[in-house]
Structure formats: structure tokens, C-alpha cells
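Have a look at these structures, which come just after this line.
Both of the next two complexes hold chain A, though its partner changes from chain B to chain C.
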Partner chain A sequence: MSIFKKWRGHSARRPGSGQNARTTMAAPTRWSMPGLGLFKGLAVTARNMIQSYYRKERMTTVQYPEERAPISPNFRNFPFLCYDGDDPVAGLRCTACSICEKECPPQCIYIVLDRDENGKSLKRPKLFDIDISVCMNCGICAEVCPFDSIYMDGQYEMSTTDRFGGLLLGLGRLAKSADYHMKLRPLEASEVVARRKADEEKKLAAQAAKDAKAKAAKEATAKAAAETQAAAAGKGETA
Partner chain B sequence: MISDLANSSSSAAPALDDDQLLHVSLGPQHPSTHGVFRMNVALDGETVVSLKPVFGYLHRNHEKIAENATYLSSMPYTDRLDYICPLSNNWAYANAVEKLAGIEVPERAQYMRVILAELTRLINHTAFAGFILGDMGAWGSALMYAFRERELILDLFEDLTGARMMANFMRFGGCRNDLPAGWANKVSELVNGYGAFLDEMEDLLIGNEILLARTRDIGALPKDVLINGGITGPMLRAAGVNYDIRKVEPYGIYQRFDFRIPLGGTGDCYDRIMIRFLEMRESLKILRQALDQLPEGPFVHPKAKIRNFKPPVGEAYARVEGPKGELGFHLLSDGSANPYRYRVRPPSFINLTLLEDMCLGLDLADVVVILGSIDIVLGEVDR
Partner chain C sequence: MSLLDMTYGGPSLLAPEWLPRLPQRWVEMLLQYYHAPEWLVSLAGFAVAAGTVVLVFLGAFALLSLIERKTLARIQNRIGPNRAGWFGLLQPVADGIKMLTKEDIVPTKAEWFLHLLAPILIVVPSMLALGVIPYGREWVPVRLELGLLFFFAVGTLTEMAVFMAGWASGSKFPMLGAMRAISQMVSYELPLIISSLGVIMVTGSLSLPAIVEHQGTYHQGFFPAWNIFTPWGLSATLVFFIASIAEANRCPFDLPEGESEIVAGHMTEYSGFKYALFFMGEYLGLFAISGLFITLFLGGWQAPLPGLTFIPSWLWFFAKLIAVIFCHLWIRGTFPRVRIDQLMRFAWLCLIPMALLTIPAAGIWVLIGGGLKGWLVTIPLLLIPWIILTTIFNRRLAPQTRTYTFAD
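So, the complex of A and B:
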């Protein structure tokens, strides 16, 4: 029973804790006043009961659904797909690369790539289904997505009476605007927007540089051609 | 061999004819079994003559699922092993993969991991104190007080990881995201207030005559039996065996912190309860130091890969001191994106193996207390 004296290699002192840290915590021996321990415990219970009427942090009940407890800004639930602009089809960031489909632990994502009549990839999903009756809200899809397309939603009232169709989210219910993302997680979304903007500018600059280079090359060839022509004409004249 | 040792030392009732015994099937849907766990108990009057555990009701094929999924995809499944303390499980698995692939973990991530693991230990032991009181019939007060405090830590987890329990937070080479602004201060506040809660809980429990009567001299086994049975964690230390992986084989940055390993005397159920309270005090000590020293820097190794992660061919076993005992992951890699073999060494399951030896010769009511004192989570026992 002498558990608290058996600190191997240490003194029997207990680590300091709160205000009323005792130096020993030995269990009361059998000859202590019977009922004292019970009485002490009852005092704790009574104190807690009384405090539950006036201490703010003890009054935690919220009258759901009239009232709602605020959710943490980091709270994640099922995923959604992000689109830019107003058109949920044209603005969809998803390119149907299937990385999330591969990494999804419970394999609840199903993607079909959209192709034109020649079989060429259109880099957008024809079908993008997430079965949220299987989804485990882990957030790995959002983490591995290289196109800033899939994010975790904060919505938690998803119950439905339609067991199969109601829990299988297609593109229509998954696609949500970039503004929604911005409202949901301002910190994450603004970072993403800034990065995408920078990427876009970089791409534009690269394209412009490429264009300029091509133009310069074209001009140079044209100039060279003109010069040879002129030289040939000059030669003909002298002849 | 284990049960031979135990039988020789415990006061088992003399064997009776089978038809004179009362066979009771305790569980699987029984509130005292902490989940879907069944015990087939043979009773001679009130005395336990034999006890056969039956489990597997929550078997989910965790190991085989992990062998058919990428390394990263298994991370959220580890949350669901011991769902009371998901972040310790995350750490154990991340440790194994980091050992396998030789990934460095930056300083800040190391500190974050220690803070999260010790908070998890607080959650587990607090919930344990509530559960075991529930097992003894004190349903209500103790469990509700424990869960009230647990909820405060879960709120912190939600702020950080996005989920109260299924955190899925550690990554190979660090953590998933950085601490939100002000999070560390919130933890300091909680740590400073936690000592007072522990004092309150101890007032409620330590001297309580009913608790003493129900837990003293119950379920104790000799040290050699426990060691031979592979028992780890608070169960083993309550019997006085100085074995804590944080000290024996320090992982992460535990060697930097100043803390002690509390040891018990006899290893009965009372010691098992009290050892957890002492461990919580030590966890608070580690938390204070870690929060003081928390450095700035990256929270994940800059070269850590999340897509297309393929560790080299090899084998690794890494273990951590989970709140319930030694939690280990054994990984075998063939160089592909999925582990070739994935094995979990779950503390709850192995601590449960000596259940019969602890219960023989005692009353049926003691079985419930002993099972509670082992502190099992069926998600981990059945996997």
C-alpha cells in the first residue's frame, strides 16, 4: 500500500501541483475516522453542485437548435470542391487528377475524367462523387490536392432521410465558391488566393517572356531573310 | 506458462464439477465491459473459478487495411485504434515510418508532439478515473467531472487539428499544421488550472471508504508474472517495476525533460488508480517545461513528402509510451507506396491477457473493477 513512498531514487515528496499540494498522499489507514473520506467526497460534490448555478464556465448547456455553440475556425467536416468566379462548372479548380481518390483512406471518392469526342482529356471531372456515409473526415484529400481544389467544410448538419442518394454528394452539391471558402476559413483561403495570384502572374510573365522571345526570334529571322534578299538584289544590280 | 505461474500464486478456488458451477456470460453489451467485450465466467457461488475473455466484436481488419493503403492513408486509421488518445497513436506510427525512411523531425514539431502526447495522457488518465468510478457504481459525479475537464483539452485539440478525437495530426517529418495563434497560451492556462482539478478529484477519491473497500488488495499479481505476461504501462509500474519507455528508450526529445516515473507498491487496483494520478502530475511538469522551451521554426521537415511517398526497402519497429502502455508499430517495406507488413503492438490487448489470472478466486463484483483498472479500449483490443 505504500505506493507513495516508493519513488525509486527520489524522496517521497509528491510533485507540487496546485494550491493545496500535500507532501504525502498515503491512503488513510484503516484506523482513521470512518466515513471521513466519504464526507470529503460529498463536500466536493456539493461544492460542484452549488458552483454549477453561478460559475460561468460550469454553465455549458446550449439550447440546440435555437442556440448553437460557436465552432472552432479549424473545425473540419466533409470535403467540398472549390470553384473560382460564378460558374461552378467552368470555374472548377479540379482537374480530375485522381490523387485524392488514390490517397483517400476509406476510398469514398469516385472520379471520372471528362474527355472530348477524340478521347482527349479536358482536365475536368465528368463525375466527382463523395460518399459521405463512408467519409471519415480525415482531411487527407484536402492536404494532398496540388490544385487548391478540395477543402474541408465546416457544416455539420448533414442528416437526411434518404439513406443512399442523400449521402452521396455529386458535383452539384460538392461545388462551392471561393467566396464560401473565404468566409469559412479566411486565414487559409487568403493564403491560397495570394499564392494562386502569384502563380498566375508568374505564368503570365513566363508566357509574356516566351512570346517576346518568339517575337524577337521571328523578327530576327525576318530581318535576316530581308538582308539576304537585299544582298541578292544588290548582287544582281552589280552584275 | 504464464497462467501456471499465476495459479501457483493466487488463491484459486478448488476445482468443482462443471455442472455445479454457474456460467455467466458477462457482455458483450454490458456497461461494465467498456465496449463490446464478453467474459464467460464460471462461478462457484460468487467466486470466480474460470474466466474466458471473448473479443473481436469490433475487429475492423486494421492491419490488412493498412497494407492495402498508402503510408499516409493509414494515419487516420491509427486515430481509431485507441480512440481515447489518438495523438499518441499518431506519434507511434509516425515514429515507425520516420525510422523506416530516415526522416528528420524539426525541433518545433518535436515539442509540439510532446505537448500533444502529454495532453493525451491527461485525457486518458482523467477519463480512466471517471470510468473506474463508474464501474464501481458511482455513475455520475466522478465521470462527469472527469469528462468536463477532458472536454477542455478536446476543445484545444479541435482548435489545433480540426477534430476533437480523430485528430489525424502527425505527419512523417513533423505535424500537419502549425499551432494557431494563442494556442500555446491556452494550454499554459489549462496546465496551470489542472493541478486544482486533480486535487479536487483526489479529495473525491483517495480516502473514500467505498473505493478503498472495492479496490484494495484486488487484482494484484507478482512482478515476474506481469513481466512474463508482457504487461506494460501504468499496470506494470503500479506493481513497482520501473519501466517507462520515455526513460528506458527515450524517443523524441523526452531526455531533455525533468520528470520522474511514479512507482506503486503492491499493484492492486488502488495502486493502479493512484499511479495514474501521479503520472498526470508528472505530465503537467513535462508540459510546463515543453511550453517554456517551445522554439520557433518549421513544424514539418521541408523535404517531407505527402504525395508519392515511398520509403526504402527495410523494416522498422518503433514504440512509444502510450497512456496505456507500450504502443509499437512494426513496418516492413518492399519499397512500394504501401507497407508490405504492418503490425500494431497494442497495449490494451496485451494488458488484457492476464485478466483471468487476476480474477481467479475473487468475487464477480471484483471482476468488473479489475477489468476497469486494466483500462482497455476495445478499438485497440480488436483492431
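So, the complex of A and C:
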């Protein structure tokens, strides 16, 4: 009896029986002309082929060097530095605070603070280098920057034949305008612009308030001084 | 009327009937003008005729390698090669340069002479087979009385070359691929030859031009009397076509070179121009087997309608060849590769019985003399066994569900 069982493949389930696969008959289906499925498949591919000539949505190939697919705002590649206005030197938001330099895990950022002849900080970088052969695209620099200066770029054509100079980006290649940022990631950029504007206004208001306060204080001190002077004069007179 | 027109029939509207034989005729006339000996004239004529066929099909091979990629790309909604030249027309040239400039590696364990001989032996039989096919009314490179026999005899040589390649490479993937190839090609040779027996019975000749001329009449003045339009012929056509796909090692029967399983089968250890020769042999074999398919079943160079005979016969042949080759590409773009057990089971349990049935069907067809009566008798003769075969073997032929007990 057991030999029939073996033929029916029951013992094949037991490991070590020498068979590791058991074939079972396909479930009996309604009879249809054998070979019809082949023609169904042929019809599918024929439809694919014919429609590929007139249906735009079928051909999704982007012919890369000539055409480029629009990149997603979520696409983040190497960092860039943002500047306001038209002048990449004067408008640079970076204050050379070196937070990004310190945070950068692979340490690919190198910053030298610009100073005047007296050694006083000019609050701008003299040198800002990012070695993108070291950069690992983590985006920590962009997250820690308190001055909305450094952001992740959407650039992906960074290949070069010069692997040292060509992959070391200086200020010239890093500085990109706020308009570029707006185009690259409109949501983030508009939020940043709005926040910066509000900050600016707040700062101006605070400045104005401070100025007014200072003025009042000055006036008060002046008044007090005048009074004391007058009092002193009166004293002197009396003396 | 010129001398050439008188020799080869009247002038034709589009391109003359004798155009493909013009180079041969020129060479022969030139040699005769200089009073060359008779054997030299005929030898040179044969050489030029062979050269014409080889050049035509090498050009077609180059073009097909591009068209195949383009068609497959379109089936998969891609664009395909379009970088080299206009619409990628220079792609075959680029491929050729790449192949020629690649390093030719012979493995240390290979038997270098057999390793060198195999790619040559795979191209030569295909070219020999191309020589006997009647391309046009006047364009038959070699008129052989036993053309069909010659075709099959020469065609089997490729199997030897494939096994030679697998054996001489001295490594296991080529060996496995060659073993698969041998089992496949020998199995599919049988239905291929058996299904063409009906044609021989009806025609009463093994000569390919005679087979084509036998299909030259038209029923009711417009319906071509091709072999495919008879019940036994339709059955034989299907069997022959499926077997020819397997003989040409093309998808879905491209097991000998199944990339996903055994790298490239017998071609694994080949590189550079030898590899290109394998490809060339494969494509020339495809042309040859498609040409034979057209000759046997699709009326060869005969026009599909009697009013269209003003178009030269060789143009009709090539139009049919393009259609058949397109079907091959279409099939390649559609079906996945079968497993080796499915392949063998299909050949022995389905194709060979059906091929054998076409022989009595063709005999009865000839006995009755065709016509409505012939249809009524032969259709049940073929259809009932087909239904029985498929209902009995359908569950066996269908992919079975495999339960892997250890892979879970």
C-alpha cells in the first residue's frame, strides 16, 4: 500500500525522501481550445506595439541628453549656498558661523572667515569649499543652518574629468540665487522667504523700538543732566 | 525588347524579373565574350549567384538585427536603438565594429581547433541551405532535384556545430547548453520533416521550384492554391512553424542559450567575431527556415492574387519573408521561455502525432481530389485527434503547479 502512496507523491513531503518538489495536476478547468491563450497574449503585445506609435502616454522614455525629466522637489543632491538679490558676494546669507562645518559627518566643508585689516570679523566667508567627492548627501548642513543659507541642490550632472579640482566646489560654484531656490523647491523657499521677511520686519520694529527707547533714555538723561546742571548752577549761585 | 528581356520573360512594371540574376548573367556573358572554357563560365556564374544570395542575406541579417531590437522595443513601449545614425540605421555597423575589435578569447581548457571550427560550421550550413530556395521564378541559385532533402541534410549540420561549440569550450555552461540544444533540435527535427512530407506527397517531387509551381493555380480564379489553404496543409503549417521556431533556437524555445539559466549556452566561451558568427548563423538559419516555410506552405514566390503577377516574383517572396520574420519577432516579444521538460513533452506528445496525422490526411486529400468533399473528410480526421490529444494531454501540457517542499 505504501508504494502507491509514494507514487502519489505523499511521502515526497517528508524531507530526505530524495524528491524536493512535488508536481500536482493543474486544477481541471472548463475546456477551451488549446492555444487560444497564446493568441490572447499576441493580441496584447500587438496592441502595445501599435499604440506605441500614436499614444503619447505609452512612451514614457525621456531621451536624456536632449530631454530631461522634471525633478521632484524632494530630490536632494549636493548642497549649495543661497544669496539674496543679484550680487552673489554681497547678498550671501552665509555668515561663516561654521556650524555646518562642525556638523558635517564626513567633514567635507571647509570655511575661512573673512576679516578686515584689524582682525575684526566681517561675518562672511572668505573661503567656502565643499568637496563633493566626500559629501554623502545627508543634508545635515542644510538642517542646522540658522541663517537659511545652505540648502540641498537638485543638480545631478556633476561628473567631471578632473577629480580633484572639478569635485571641489568653491564659492563661485556654490553660490546660487534665491530665485534658483524658489524654482527648485517653491514650497520650502516661499516659506523661508516669508519667515525671513517677518524676521526682518520684527528686527526693524525691535530696532525702531530700541531706537525710540534709546532716544527716550537719552532725552531723559539729557534732561536729568540739564537738571543737575541747573541744580548745580543754582547751588553754585547759592554757594 | 532587349536580349535580356527575351531571355528572362517580358519587362515588368516595377523591377524586372531577371534583376537578381543580372550579375550572374553579366559575368557569364563577359567570360563567354573572352572565349573562356565552359566549366569556368558555369563556375563563375555559380559563384556570382551564390555571392548574390550571401550578400543579400548578410545585408538582411544586419537590417534584421536592428529591426528586431526596434520591434521588441516597441512591443515593450520603448524606443529602441536610435543613437547611431538616422533611426539607428548605423547600429549594425557599430555592432560590427565593436564585435570585430573585441578580444578573441580562447579558454585554456578549450580545444582550440574545434573551438575555432564551430562558429564557421554554424554559418556554412545556413548559407548552403539558402542556396536551394527558389526566390523567384527565374531566381533559383541552385536547381536541385532533391532540394528539400538537401535542405534538411544540410540543416542538421548546425546541430553538430552547436555541440562542437559546447564540447570544445571546455566548461560546463556551454556543455549544458549544447546538450539541451541537441535534445531540442533532434526532437524538433522530426515534426519539421514529417510535416513537410504531406507537401511532397501532394507535389510528387522533392524539388523546391516544382513545389512552388504546384501551388501556382488559383481556385475560382482568385483564391490561391497554396498548401496552407488545405486542411492538412494548415495543420502541417502550424506544426512546421512551431518546429521551425525551435530549430532556429528562437524564443520561446531558446533554451540552448537561455541567458537566465546557463549564461549563453554554447556561446558562453565565445567572444568577438566568433560570437558574431554564431549570431550570423542563427539569423541566416532563421532566414533559411522561413524561406523553406514560405516555399512549402505559403506558395513561395507566387502572387496571392492572379492580378498581381506583374509584380516580380522575388518581391513577393521577400514580402512573405518579411511577414514571417515579423511573426517570429512578435512571438519573441510575447512568450516567455518554456522549461526543458515542457519543451520535450510538447514535441513528442503533441507535435509529432499531429505531424504524423497530416500524412494520411494529405493522402486522403489527394485520393479524393480536394474540393469540398476533401475538406469534409480531412477536417474531422485532423480535428478529432487534435481535440483528443489536447484534452487528454492538456493537463500534462499545461504548466503544472509545483510544490517546493524544501524551498519554503
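Assume the second predicted complex is superposed on the first by the 158 of 239 C-alpha atoms of A that agree within 3 Å, B and C clash if a C-alpha of one lies under 4 Å from a C-alpha of the other, contacts with A are read in each partner's own complex, and residues count from 1 in each chain.
Basically, contacts are C-beta pairs under 8 Å (C-beta built on N, C-alpha and C of every residue); 3 or more make two chains touch, one makes a residue touch a chain.
The model shown is predicted, which means the values in this text are computed figures rather than measured ones.
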| item | value |
| --- | --- |
| Which of chain B and chain C A:L36 touches, first, second, both or neither | first |
| Which of chain B and chain C A:G139 touches, first, second, both or neither | first |
| First, second, both or neither for A:V44, with chain B first and chain C second | both |
| Partner, of chain C and chain B, that touches more residues belonging to chain A | B |
| First, second, both or neither for A:M152, with chain B first and chain C second | first |
| Chain B versus chain C as contact partner of A:R124, first or second or both or neither | neither |
| First, second, both or neither for A:R115, with chain B first and chain C second | neither |
| Where chain A meets both chain C and chain B, residue numbers | 15, 19-21, 25, 28, 34, 38, 41, 44-45, 48, 58, 60 |
| Chain B to chain A touching residues, read off their complex | 69-70, 72-77, 141, 145, 148, 155, 158-163, 166, 168, 176, 180, 195-196, 198-200, 202-212, 216, 238, 240, 242, 260-266, 270-271, 274-275, 277-278, 281-282, 284-285, 306-307 |
| Complex interface listing, chain A residues touching chain B | 1-4, 6-8, 10, 14-21, 25, 27-28, 32, 34-38, 40-41, 43-45, 48, 58, 60, 72-76, 99, 102-105, 136-140, 143-144, 146, 152 |
| Residue ranges of chain A in contact with chain C within the complex | 12-13, 15, 19-26, 28, 31, 33-34, 38, 41-42, 44-46, 48-49, 52-53, 58-61, 63 |
| Residues of chain C touching chain A in the complex | 71, 74-79, 82, 330-331, 333-335, 390-391, 394-395, 397-407 |
